[in-house]
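Shared between the two complexes below is chain A, which pairs with chain B and chain C, respectively.
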Partner chain A sequence: MKIAPRAIVAGAVVALLVALPLVVKSSFALDILIRILLFAFIGTAWNLLGGYAKQFSLGHAAFFGLGAYTSTLMQIDLGISPWIGMLAGGVAGMLASLPIGWLCFRLRGPYFTIATIATAQVLMLVFLKLRDFAWGAEGTTIPNLGNAPLMMQFDGKAPYYYVVLLLLLLALAITAWLERSRIGYYLVALGEDQDAAEAVGIDVPRVKRDIFMISAFLTAMAGTFYVQYIYFIDPNTAFNFSISIEAALVSIVGGVGTLLGPLIGTVLLETTSALLQSWLGNLAGVQVTVYSVILMAVILWRPTGIMGFLAELNARRRAKRVSS
Partner chain B sequence: MVEIVAQAVINGLLIGGIYALVSIGVTLIFGVVKIVNFAQGEFVMIGMYITFFLATQLGLDPLVSLFVCMPVLFAIGVLIQQFLIRRVLGLNDLPQIFLTFALSLLIINISLMLLTPNYRTVHTGYSDEALHFGGLYVPVAKLIAFGVAMLLSGVLWAFLRTTDLGKAMRAASQNREVAQLMGINPNRVFAVALGIALALAGAAGSLLMPFYPAYPMVGQVFVLMAFVAVVLGTLGNVAGALIASLLMGIAESLGIQFIGADSGLIVVFLLLLATLALRPSGLAGGRTR
Partner chain C sequence: MAQALIVKNLDKHFGGLRAVQDVSFTVQENETMALIGPNGAGKTTAFNLIMGFYRPDAGSVSAFGREIVGLRPHDVCIHGLARTFQVAKPFGGMTVLENVMTGAFLRDRHPDAARENAREAIAFVGLSARENTPARDLTTIDQRRLEMARAVATQPRLLLLDEVMAGLNPSEVDQAVGLVKKLAERGLTIVIVEHLMRAVMALAKHIVVLDHGQKIAEGTPTDVMSNPEVVRAYLGASGH
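After this line comes the complex of A and B, so read on.
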């Protein structure tokens, strides 16, 4: 009974998202929508590890960059389609999460966070040095083949929109499935209290490792998509710290450990930033200043994010209905 | 060859003194308040800009502005404890990590807007001076910075050992509950810890100014170093942070000398990752929390 109306709402929202490019034709607006879906996707991937397991990574740029470089290297050096490169990049990200997790999970709380920052920075510095293998600091442009759907290159922006929409739906589906599965309950348990989770027999290191692998796989796919979209790659784009920051930010503002939190957080932050930009122009620092004020406000007043706030409103309304 | 190594060690040791001021602050806050201050580097940056404006507007020597920077940043530290950090104490990791992280982003980006990303430098009479010992040279500005940094660390050490307030801080860092039962007012202790830590960051800013440019992101360099030093020197351990900072300054300098100008950070990060792999509890041993 309860599932049916929810499914209808979800179906309607997806239908709306699918229909959007039919109405929105301006490439500026589509660009903003693509950014929203992309960061919602990365945020949803981050949320698996950061939101449910409460392992607050600020190093997800590592996987974003590895995904971007894997597909680009395969495309330019071997002529392999980025569609395959995207999966290969996901696998590369997933494999990289094993040693990174092995190192970083030795630390807890803020020091886990710092260690993840360091790993992403090391990777960026390494790619800056890899002059012969990966173009070093100059980076490279991705050859423009015109309209080549098999090489993930399209004429207009609408096809890119659908690609990233599919990615986001994939991440949401995985999250929804995990929420209902055994591993989902393990995640929430270890997020609440690692020692207690271990005490009741959960294999904490294994659960952390598995969720980190999934999160890294998805984040790496986002990297491939992004460089295909902007036709350019260099270490500073691919491993930029701001990617790690935004992944965490959208999830926290939207509500960590909730299915739709990252999406809602991204919509709020990216629209704010787009409005600011059209109002103030491209003034350095404005966007992140506003982001950090929002982040601080959320932390001080609503640590459960927008989703937590909505749940609270809902509960209050229900309580009122019962009492009246 | 020996001379090149010796010169690199001297350069690294001298800048390591500055790293020490920053990491002692980070480790002090972590030890006492149990919070990692992601914004510590930004207070170095604020110290640098205060020093810069005092030098360009009033012609104050950076060493004199030390006496302005330290009290101002002490006050900022107390305010931050009272109005921000106090509100997230006792909560879970998320607000504790991301509050100071948001503060760091905020300070950097407000500075970007107000001060532009331009590099600012202060040139003093001793900026280009150097002492020569055989083939080695020791830049005077860096030597002064190192000396003052070591002096301040020593004063802090004595303060923590001998005064009641210092002992209260050490007690609070060892066991907050018991300290509270012994009649120690945690809020006062926390405010002083924040104040001292930020004053040290401010001092680092003043000391850097004669030989290091100020720009909005400058703090990031120092805070990353500090984090590595604090892990390396065992979390919450002041002496450990000091020694680790000096070692890291040297490691960075050797990395720059022998691998390449942009490789200092790689060496430092690899040092961090190696520490995590081999001795996650830090060089001084003890618990990782």
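After this line comes the complex of A and C, so read on.
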């Protein structure tokens, strides 16, 4: 009996991630780890649509924000737990993806991307104007209930870490399952060539719609988690363009259309960003500059991202072993 | 003999250009028909009309007794029609096996079954040695083979091949002709669009000639080649 080496590695990584908060006690370090897992989660959700199916959305902040507002409104106005709000937010994001997809999928390539940016910006403007319903531009703080696990509020950061770790594992499990299923093949095929995909019997609009719904659902869950974590919501936080950018960026750097690409990309980018901040303080523009340089370097030299680079190394090593 | 495809009074214009005008023809089951004509005659447009990539302005297309005008391309494929493209469109980042599996998934959603069916189609076109090669690394002839395997994997009854000989050298043309013959022997009805007369003569006993979007001749190879209209279309209006 031989256990697949992949399964062993996966098990080891998960065990390591679960054990980390037992070792890492500093609140600063835990905060960085939570951010890494959060953006890895958003990136993994983005990757389903933007990576596998190559529908390059830069509007995922729309779903992040809708998820955040849905759970917060339910909690403050109706006293409903954010755990339920998170699922409701997911559903809200999923439903919102239908009209957004209906509009944006008419366009291809860069035009699709621009349309997705516009939808997220429009939603932000809507929530800026909704003073009576959703606190307008001022936003609101989320009432601090102390240690209230049922309301997704905890003492210390470690529980938050485990919540977002679970979310990430959920997204990875969905991705791994899709990768092996018929839909996974269909996603890659339509991303490569839509006409050829139609010609082999793939209902391209339907597959795009379905994957957009899944991607939006997960991204909306991330929105709920984030506002619960920072106890504050306003339109500029919830619908921030940088969320859309980061979701795409971590996937590109790590390797689009790969299971672990977004996670690896986030580890690299967030660590870099945290180190930069501790060295240089909040010097304006440094982070953006460094991100841009990393992005250009990846696109120029390793368009397949870190995962593509690793696969290449692996193939080369194997070839060498065969020849020797 | 039953009729596989009946095209009636098909019309399509793009702005001022009448790409296909009042074209009708019938393809019998198990025959190989060739659609020929000079560049810009409307052959590929006719393919796109049949397969649902364009919607005709007028006319009807029925396949195996069912009207298919208005169906989207994937529905046409489910109905048993498959095609290849004039410029091969492999899914470049996928391996040969994965490419063909996307076709096989149409009839069986389980990856293991699709993989088996795909392997069979790949073996049929003689590409088994390249199974794990990324499609973008294939030579031209192997890309044609791949497209045929991917189409065959959808288990079609009617196969439309758009210039599969384009860009092949003479010995490769012989291989491709052999392959199309093998497909026909398998019981497939085949329509080919082809420029290369050597291939047309080797494959089709029934030829339809288009010029400027209109059908100008139809019949056996000998009929068609001796038709003065056809000679004029190919050699130019001045004649020789």
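As a working rule, the second predicted complex is superposed on the first by the 321 of 324 C-alpha atoms of A that agree within 3 Å, B and C clash if a C-alpha of one lies under 4 Å from a C-alpha of the other, contacts with A are read in each partner's own complex, and residues count from 1 in each chain.
Heads up, the rule we're going with is that a residue touches a chain if its C-beta (ideal position, glycine included) is under 8 Å from a C-beta of that chain, and two chains touch if they have at least 3 such contacts.
Predicted model, so just to flag it, every value in this text is computed and none were measured.
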A:L98 contacts which: chain B (first), chain C (second), both, neither? neither
Larger contact residue set on chain A - chain B or chain C: B
Quick one: is A:V13 in contact with chain B, with chain C, with both, or with neither? Answer first, second, both or neither. neither
Contact-wise, after the overlay, does A:A248 reach chain B, chain C, both or neither (first, second, both, neither)? first
For A:Q121 in the superposed arrangement: first (chain B), second (chain C), both or neither? first
Using the superposition on chain A described above, determine whether A:A189 touches chain B (first), chain C (second), both, or neither. second
Applying the touch criterion given at the start, work out whether A:V293 contacts chain B, chain C, both or neither, answering first, second, both or neither. first
Mind sorting out which residues of chain A both chain B and chain C touch, each in its own complex? none
Okay, in this complex, where on chain C does chain A touch? 51, 53, 72-74, 77-78, 82-83, 85, 89-94, 98-99, 101-103, 105-106, 109-111, 114, 150-151, 153-154
Given the complex, residues on chain A that touch chain C span 180-182, 185-186, 188-189, 192-193, 195-204, 257
Contacts from chain A onto chain B in the complex sit at residues 54, 56, 58, 103-104, 106-111, 113-115, 117-119, 121-122, 125-126, 128-129, 245, 248, 252, 256, 283-289, 291-293, 295-296, 299-300, 303
Chain A-facing residues of chain B, complex: 35-36, 38, 84, 87-88, 91-99, 101-103, 105-106, 108-113, 116-117, 216, 224, 227-228, 231, 235, 260, 262-263, 265-266, 269-270, 272-273, 276-277, 280, 288-289
